[in-house]
Amino acid sequence: MKNVYVTRRARFNAAHKLWNDDWSHAKNLEVFGKCANPNWHGHNYELHVTIKGQPASETGYCMDLKDLRDLIKVHVEDPLDHRNLNMDVPWMKGVLTSTENLIIAIWEQLEAPIAETGCHLHHLRLYETENNYADYYGGE
Amino acid sequence: MKNVYVTRRARFNAAHKLWNDDWSHAKNLEVFGKCANPNWHGHNYELHVTIKGQPASETGYCMDLKDLRDLIKVHVEDPLDHRNLNMDVPWMKGVLTSTENLIIAIWEQLEAPIAETGCHLHHLRLYETENNYADYYGGE
Amino acid sequence: MKNVYVTRRARFNAAHKLWNDDWSHAKNLEVFGKCANPNWHGHNYELHVTIKGQPASETGYCMDLKDLRDLIKVHVEDPLDHRNLNMDVPWMKGVLTSTENLIIAIWEQLEAPIAETGCHLHHLRLYETENNYADYYGGE
Amino acid sequence: MKNVYVTRRARFNAAHKLWNDDWSHAKNLEVFGKCANPNWHGHNYELHVTIKGQPASETGYCMDLKDLRDLIKVHVEDPLDHRNLNMDVPWMKGVLTSTENLIIAIWEQLEAPIAETGCHLHHLRLYETENNYADYYGGE
Amino acid sequence: MKNVYVTRRARFNAAHKLWNDDWSHAKNLEVFGKCANPNWHGHNYELHVTIKGQPASETGYCMDLKDLRDLIKVHVEDPLDHRNLNMDVPWMKGVLTSTENLIIAIWEQLEAPIAETGCHLHHLRLYETENNYADYYGGE
Amino acid sequence: MKNVYVTRRARFNAAHKLWNDDWSHAKNLEVFGKCANPNWHGHNYELHVTIKGQPASETGYCMDLKDLRDLIKVHVEDPLDHRNLNMDVPWMKGVLTSTENLIIAIWEQLEAPIAETGCHLHHLRLYETENNYADYYGGE
């Protein structure tokens, strides 16, 4: 069994703010600092999507990365790119838009569509800035 | 005369949208596409600030980059980082927040404070994404 | 007059070899070394296309980078990406496929279509590897 | 037991195409798209080779990276750099030159020579482009 | 249980040399080559610090990265940045300053302070150059 | 006349400190801060060397980059890599090792040897860190 891990990189540019509706304005600023600017800020997010599988003898592919690219476009880039993560994304409603929560939500969007192709989502990495990023391997 | 060009890189994360108030909603979407999302989007902007000068014999410096870093913090990062470029920045009010207009406005913020130190602002580069960036050398 | 320089980055993956048909096999290997491998080698080329102009008051754009992206796709990526630079590109026939000659040829492909939009091609940068690249500003 | 993982990065520039000899020309183009261009295309491949071990008390090294660099040169760069992966590499003959198959084949070339030095090959990463890469940890 | 791995990148610029005091000058040069230059050399080190945890419902954070940034500043950057790793760092005294030994020593500095915040240090990556880096997950 | 600018990237890892021998210890610390650490610090320097010329019809080369690579090795990497810029480099003796002074000194080392090959040194860029770099075009 020769499992290979294959990764496709994607990008999306979005606005967001960190804000807990149960808290006062002052408490939000105290905890989240400038990330709680009420008028939003934004990022160039970079996402790495890794699937795990064995290369097919006929193609040498674990998964055709053109198919993975298309799935990421439909399930991640179209809903998130040039959007407001707090306002425009149905599956982020009521969720604090931290990198941690966002990577879990993206996993939940991608896991089933990738599984339907017979492949296995293994790992996500999500860069918020060049200095901050998160990794997720699914619930454990 | 041995002019050397010295550059300091800075970064700021901001929300914005491209929107011409003189146009209809439909026209804005037609011209600016997803960049006109009314709920904003955002970027990790990267700015390179280049000054031109001759190294002082006592220090070997054209300009102490700690001073340049501090000037960029006061005049660029503090007003722009974790802000909304359309709403939060007095000197961008009424200005379309394209990369082109933003780099000109940043020049106008930095030129005088750098000149006051006896140095000469020579060049700005502003990355909006890894694929799109602008350069500016002052009005010609 | 506030000229701003705006750049769009593009990429293409191509095969090529350096080979002078007027020379013997031995002379080609002597001059070009492993770059003359008769069975080809290849690169992930990275191209930066810079236009010069003044931001329009209605859009803040020197040139809509979506238009520039499309012109680069038609005139550079479609003919060069996943191609053999020596065999598949009509406008490289009979030309040694050095980075220098390739960047001049790309300029000649892009200059007129960009001029037709009313914009001005100012600069190209072409990376062959992370260690080797060329810049071109048109004939002087 | 304080295992440390030490990585050396290497690069090679090669031509290849994706092509299944059991298939028609049309079927190859249908499945592999532009990657099946009969006249080849190419890439700047980037390889990360990770060994696992414990630092020796006398040197602080798990493995002298100069030795690892030399092993990679002999077993990977010399056979692959400025080559055609389909035509020039004995150990890729009859193998579809996908990133998945290539990373497995490179593992098979490196595993024994690294083991002979008393070290343990732990992980390979192979970038085909900035957007596509594969990871391999040996057969499981 | 939805563990997420969150990483903060830091940098420090330091001088060092590889030198075993139990060996002759000649043996040091033979084993360590130019890394044993008695007058030192140096690097821009880049450190990635990864903690493991579950996002808090109130903040969406596994750990506030501002707190992690501050811990890294106190325990890594302040003692190492613009220092001589062999001479200036109490907790590197008598330790060969290889990347392997340095990453283990940094782990020992960071593990307890991070644990005191209720978080769990999971992984360190330390780049010495763009071609050489080490990973460490704690003693096994 | 079709001038093309061709660049080769090189790297060297060196120790240095900023120190003016005419000043007191206190004044050096006041002006240069942590850069004046008496026990040195260091950097991974990155140098871009650009020559200007016209592609030869026989080779397509302005200059064979293998030759440029070798000149950089002899005149820059050999004297600077894994060295102490203040102590080990004859042509930096008595010179404050700022990035500005270093880039001028490297120009003076490279200009004549490149001219002897019939080529023209046009531009140097020297990165001290990812945030600080200098450019030099020769005396003006």
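Going in written order, the chains are labelled A, B, C, D, E and F, and every chain counts its residues from 1.
As a convention for this text, contacts are C-beta pairs under 8 Å (C-beta built on N, C-alpha and C of every residue); 3 or more make two chains touch, one makes a residue touch a chain.
Bear in mind that the values here come from a model prediction, so they are computed numbers and not experimental data.
Taking the definition of touch as given, a chain qualifies here only if it contacts subunit B and subunit D alike; those chains are A, C.
Ranking all chains by how far their C-alpha centres lie from the centre of subunit D, first place goes to B.
These two copies of the sequence, subunit B and subunit C, are related by a rotation of 120 degrees on CA atoms, to the nearest 5. Seen from the C-alpha centroid of subunit E, the farthest chain centroid is that of C.
In this assembly, the C-alpha centroid of subunit C lies 29 Å from the C-alpha centroid of subunit D.
Note: centroid distance subunit D to subunit F, computed from Cα atoms, is 34 Å.
In subunit C, 130 are the positions where the chain touches two or more neighbouring chains simultaneously. Here, these are the chain pairs in contact: A-B, A-D, A-E, B-C, B-F, C-D, C-F, D-E, E-F.
Interface of subunit E with subunit A (complex): residues 1-10, 50, 55, 58-62, 65-66. Note for the complex: subunit B touches subunit A at residues 11, 13-16, 34-35, 37, 39-44, 81-84, 87-88, 129-130.
By the touch criterion stated above, subunit E contacts subunit D in their complex at residues 18, 20, 22, 31-33, 95-101, 103-104, 130-137, 139-140.
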